[in-house]
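Consider the two complexes below, in which subunit A is the common component and subunit B and subunit C are the respective partners.
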Partner chain A sequence: MAIVNLQNVTYRYPLTDESVLKNINLQVDEGEFLAVIGPNGSGKSTLCYTLAGFVPHFFKGEISGSVEVAGLESSASTLDEWVMNVGLAFQNPFNQISGAKFTVFEEIAFGLENIGVPREEMKPRVEDAMKLTGITDLADRSPYSLSGGQQQRVALTSILVMQPKVLVLDEPTSQLDPIGTREVFGVIRTLAEKGMTVILAEHKVEWIANFADRVIALHEGQIILDGLPGEVLTSDILLEKGFGISRYTSVARKARAIGLWKNSNLPVTLDEAVDGFKR
Partner chain B sequence: MQERLSFYKKRESAVHRLNPLSKLTLALGIVFVSFLSPYYWTPHLLILFAVIPLSLLGKVLREYINAMLRLILPTAGFLFIMQALFQPLEGVELFRFGFLHPTQESVLFAFANATRIVVMVSSFTIFLLTTHPNELMTDLTRRGLPGQFAYVIISTLQIIPQMQAKAQTIIAAQRSRGLDTESTFFKRAGSLIPLVGPLVFGSLVEVEERAIAIEARGFTSTRVKTSLNSIPDTNKDKLIRWSLIVIIIVTLASRIWLS
Partner chain C sequence: MKIEIRDLEFSYPAGIQALRGITLTIGSGEQVAIVGQNGAGKTTLVRHFNGLLQPTSGEIQIGGWDTRKYSVAKLASRIGYVFQNPDEQLFSRDVKTEVAFGPKNLGYPNEQVEILVHEALEMTELSDKTEMNPYDLSPTWRKMVAIASIISMDTPIVIFDEPTTGQDAANIARIANVIKVLRERGKTLITITHDIDFCAENFERVIAMSQGKILLDGKANEVLGQEDRLATTYVDPPQLTRLATRLELNDTIIREDMFLTELHKKLTRTL
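After this line comes the complex of A and B, so read on.
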């Protein structure tokens, strides 16, 4: 069952002339883990905002086509309803801390307070969400005293606690160091395994190859590739259009040119590369 | 990590357990009485019989004395000297030094004013030491203060130290590219210009992101908000607030009739 359904979606930001999303058609099934790749300015963030309802409800601008996510229809619903159903987290962990709260526990409860969850329900929900993301021991710390990876996990928890049906993540690790990246991907994997529908804009292709069920490639606001990670991430088209690709893919491609790589498929991760060279 | 801009000291005490609004009324009540009472000894009595006992009861005496020595007394002392010397009132001249000729009246007047200042700052210091800003805002929001207003206050308390930290980072980055931040004042002032760009434009983008982030957590939801922590509001609190209101009215009335 498709939980996300975009039909011919075209979008233009206010006061601009060019469409940033062009004729997007996208279906995502419940429980699917979809990764979105694309060069800078290709529209990844804009697509994320569209899925989370911020385009057009927050950014305004001109949208055409139909957007349906988690049973909501963009033109017929308010941002308030979207927020209750679709979770959105993005790059900068620091900017996602509300600033309204002095401890991590309170920070995570902030969303629940805003949507009027009764107090008795709040504590168990916050505790469960913290357990899921492995930050129970941070409960009493100030959100500002944490590392980037910890802050990003707090931001994720703050969204998860609202029990969204779809989780949209816009490059959640782009500002983190390798340790923070690993922490955050650990959480994302747990969520995906629990059956959460995840849409992740990301440029770290090796992580995507390990996690995602499916990858789409955005280029100048259009979906130019859509398929399994192994196919999309090694496609020659990515090279032509200036996408970031895995160094293992590049090495194997060069090796193939001189006859050292004999597999029909190119690798994305280190393990795949090692396997391929062994043969 | 950066210090937060909050004076709050977490303790278990009768004062901490009071409702934040009661504490605010108490602090305001003490200030009103000290300023409105016509007697010069009122502020002294207030310090002795209200401020100090409250700081003891709230277990923040040490922090209070600290603030007193480092902030309150120096400020009040400075105000006293300025007023005593430069606000000549008619009366018995104490001495004459150049154009300065303080009178007994001006000294008394300055002293009374300085003690009032001491009472005012003291009573707010104790209020801030024993009241968590979050609790105050949650309570006031519950009583009808707009949520956006409370958010601005609290997030400012938190974000200012973060902005300072960021300015430090930018300064360090620019200095490593040869920015001069250590020579004469005017040179330094000029060299600050390259810092403004990243700080301001960085902030504008941040404001939008922050708006999206809190929006994503239902900040402007039309539902009735709830709060994680229940904030005590007992009959004792109501009694305290009403008594203070009566005391303020009585002081006001006596001020009007007695003068």
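After this line comes the complex of A and C, so read on.
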């Protein structure tokens, strides 16, 4: 069943002339893991904001078409209803951490405090969420004394504790080093395996190929490809439109041109490339 | 311009020893990438080059200038430093003013400033955005403004701190092109990066740091092929290197052309 349903969505930020989303049609099933790829400026972040209700409720501007997420209809609801159902993680965890709390535990409890969850319910919810993301040992640390990967996991945990029905992640590892990236993707994988509906905007195609059920490619505000990771991520169209592609795809495409790659499909991951070249 | 570092040690005031004896020479016109996990000392090292940090012991010479004897302002005429986050660097109302600030400050005559600004804007593909406020540009283009405002100073040495973080493929290609043009002009280039594929494709020499020391230093393919030693500083070899290793190709492969050549050789041998 579709938990996200966007019909003919077009959106323009205030004081601008051009639409950043153009006639978007998108359905995402409950429990599906959808990855969104696209160059900077293609509308990835705006799509994330739309799914999370920030567009139009926070950013204003002009929207047409219909947006339904987790049973809410955008035009008939408010941002505070929306945030109870959809969680959004920003690119940079610094922008998300409240700055009002001295420990990681309190930081994660902040959202629950705001909606008046009783203390006896709050504690186990925070503990469960920290266990899920593997940050139990950080509970008493200051959110600002952590590494980038740890901070991003704290930011994610503070969203998960709200028990959203849909989780939207806007390039959650773009500011992180390789260790931090691995930590955060580890958490995302756990969540997806638990059946959470995840929508992830991301450049790192090798990770997407390993995790996502489905990929859409955004270009100048339009969905130009929609399909299985292996199909979308190796499409020639990505190359033409200046998308980032995996080195494995790139080198196999060149090898194919000189007869050194025999498979009909191009690889995205290391294992696929090794298998293909061994034939 | 040459950089010479001898027995460099550095401890932060809180007592953390970030550099534990670095001796290193970077020749004039070399392109060096510094890799290694966070906390390995990469940024601490390069911040010594332009005098932002002073050695606890040991010394650094920039083209014969001892960094302890020259001010940061003086050293700025020899070393440009592009910050990781452009928002920590930009402050002018329009792109052109921003890019002209550095060379003006270094005291170049006006006509020279004009030429340097023009060239820098061209190299970074910003020529059509000169009147815009940097903060009205996308983060991708702001990064290019940050780069332009440093290369317009025409320093013999340029440092890039994590140039590809958060950038898309098109902009990474643009940054690689800037590096190529600067290389052709004989600049000494130093880049700190976690983007190991970018490093493999654009730099001749790679230094891997770990816990305040130099772990590996050599030609890119020599360093990036040492999977086990790189793992100790949490660096994975480039994608193509990993693929070539799994396929048991000869040599350490870091670029597509090398990969295809070796693959072809291997296949003709087995036939």
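In this text, the second predicted complex is superposed on the first by the 279 of 279 C-alpha atoms of A that agree within 3 Å, B and C clash if a C-alpha of one lies under 4 Å from a C-alpha of the other, contacts with A are read in each partner's own complex, and residues count from 1 in each chain.
Quick note on the criterion: a residue touches a chain if its C-beta (ideal position, glycine included) is under 8 Å from a C-beta of that chain, and two chains touch if they have at least 3 such contacts.
Quantities reported herein were computed from a predicted structural model and do not represent experimental measurements.
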| item | value |
| --- | --- |
| Partner chain in contact with A:Pro56 - subunit B first, subunit C second, else both or neither | neither |
| Subunit B versus subunit C as contact partner of A:Pro93, first or second or both or neither | neither |
| Greater subunit A contact set [subunit C / subunit B] | B |
| Touched partner set for A:Lys101, first subunit B, second subunit C, both or neither | first |
| Contacts of A:Met122 with subunit B and subunit C, given as first, second, both or neither | first |
| Touched partner set for A:Pro229, first subunit B, second subunit C, both or neither | neither |
| First, second, both or neither for A:Gly221, with subunit B first and subunit C second | neither |
| Touching partner for A:Glu113 - first (subunit B), second (subunit C), both, neither | first |
| A:Gly276 touches, of subunit B and subunit C: first, second, both or neither? | neither |
| Partner chain(s) touched by A:Met84 [first = subunit B, second = subunit C, both, neither] | first |
| Subunit A positions touched by subunit B in one structure and by subunit C in the second | none |
| Contact set on subunit C toward subunit A in their complex | 37-38, 138-140, 165-172, 194, 197, 234-236, 238-240, 242-243, 246-247, 256, 259-260, 263-264, 267 |
| Complex contacts: residues of subunit A adjacent to subunit C | 39-41, 91, 147-148, 171, 174-175, 177-180, 203, 206, 242-248, 250-251, 254-255, 258, 260, 270, 273-274, 277-278 |
| Contact set on subunit B toward subunit A in their complex | 1-2, 4, 6, 132-134, 150-151, 154-155, 158-159, 161-162, 206, 209-230 |
| Residues of subunit A defined as touching subunit B within the complex | 49, 52, 54, 58, 79-80, 83-84, 87-90, 92, 94-102, 105-106, 109-119, 122-123, 142, 144-145, 155, 158-159, 162 |
